[in-house]
Amino acid sequence: MYLGQVIGTCVATKKVDGLTGVRLLVVQPMNRKWKPVGNCQVAADAVQAGPGDKVYLVGSNEASKAFENSFIPVDAAIVGHVDSVDLLEEDSK
Amino acid sequence: MYLGQVIGTCVATKKVDGLTGVRLLVVQPMNRKWKPVGNCQVAADAVQAGPGDKVYLVGSNEASKAFENSFIPVDAAIVGHVDSVDLLEEDSK
Amino acid sequence: MYLGQVIGTCVATKKVDGLTGVRLLVVQPMNRKWKPVGNCQVAADAVQAGPGDKVYLVGSNEASKAFENSFIPVDAAIVGHVDSVDLLEEDSK
Amino acid sequence: MYLGQVIGTCVATKKVDGLTGVRLLVVQPMNRKWKPVGNCQVAADAVQAGPGDKVYLVGSNEASKAFENSFIPVDAAIVGHVDSVDLLEEDSK
Amino acid sequence: MYLGQVIGTCVATKKVDGLTGVRLLVVQPMNRKWKPVGNCQVAADAVQAGPGDKVYLVGSNEASKAFENSFIPVDAAIVGHVDSVDLLEEDSK
């Protein structure tokens, strides 16, 4: 899994049936110091996250397991809110 | 999932049986400011997209779930048209 | 899926049982302008491709779906010959 | 699989049901000389690892196989403690 | 699949039950000219490979298919010994 921050929403009215009712958020992956790393992603939201929230995500075909109907085509899902990341002293510098 | 723009089509008459009738488009992955990022991909189209369309895609083995016959060898599928991407103010700069 | 060109063959007499009879080719991934991008891969051939052929490949665990016996350990398969890639004018420059 | 070192913990009280009771650690991937490489990851712990421990991890949807209930949405799991990595002489320089 | 060379072994006495009896080797991915590319990996050995051997590997959840008990958490497996890689003349330069 990886850390990320919700930076926006993706509006998509025309999509495959399997994604009906799935909320899509734009997420920026973050590193341990909470700096952006890599490209943004479109992730399905399983924990009522919103823009600005710090979250962690699961990728690959594990993402669909976060939803009741696991036969949906998603490869990135927001599965938790991050309260805090506690690092070893030498790694938090 | 990730954002992308359809930039062309891929003509392939000789292919494995499982891909018969599957429409293949060439897609350029995009970042949140809709600038190209990374290499193009060949994606199976599940939402009647065409060259120039802004779309989002799903990868890995979730891609085949976008099709009625999910036992097809595709690892990238166009699953929705992007109407708009709404970003937090500080992220849209 | 991604574009590639067959650049050679991989001779491997000692391998796991599941790969008996599977033809292994060395493939260079290509971008939309048909320039090499990234590292070569060893791919299982499902469409009688040969050195020099322009092809497209499928990765991850979708690759094995290209074969009759899908319980084989392959994560890259050549699934089609590319006749042509037709790009939008501004993208073909 | 890849080598890594546990550098901290991730506190997340609000998460999907499937992750209840799963311990989440922050892990830095390492190279063969045990230098950091790439971005940190959030991994589920299957071997009672703790901050500072040298471990190896499994990714993709193999990660969930490390747990009794394999229907959980995790794509990175700590599956072993590394006692030592023994390299060929020319590779350990 | 990708080319690699076994560069060492990984000693790990404390690991998840599913990995009992699985031999773990450290492998350096190689390019077509057999030069190192990218970071080392820890791979499960399915073909009695040893340090120095030239091999090819399979990744993702295809890796576990190389073993009799396919319900093991491995995402990289050595599935064959490379006798030779025969490249087109222009690609072998």
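Think of it as A, B, C, D and E in the order they're written, each chain with its own count starting at 1.
FYI, a residue touches a chain if its C-beta (ideal position, glycine included) is under 8 Å from a C-beta of that chain, and two chains touch if they have at least 3 such contacts.
What you see is a predicted model; the values in this text were computed from it and never measured.
**Q** Express in whole angstrom the distance between the two chain centres, defined as the mean CA positions of chain B and chain D.
**A** 31
**Q** Where the centres are mean C-alpha positions, what is the separation of chain D from chain E, in Å?
**A** 19
**Q** Could you list the positions in chain A whose residues touch two or more of the other chains?
**A** Each of 59-61, 63 in chain A touches at least two other chains.
**Q** Assign the assembly's chain-to-chain touch graph to one of these shapes: line, ring, star, complete, other.
**A** Here the contact pattern is a ring, one closed loop where every chain has two partners.
**Q** Going round the ring from chain A and on to chain D first, in what order do the chains come?
**A** A, D, E, C, B
**Q** In their complex, what parts of chain B are in touch with chain A?
**A** It comes out as residues 1-3, 29, 31-32, 37-38, 46-47, 56, 58-63, 65-66, 77, 79-88, 91-92.
**Q** For a test of understanding, state which residues of chain D touch chain A in their complex under the given definition.
**A** 7-16, 18-19, 24, 26, 28, 39-44, 51-52, 59-61, 63-64, 71-76
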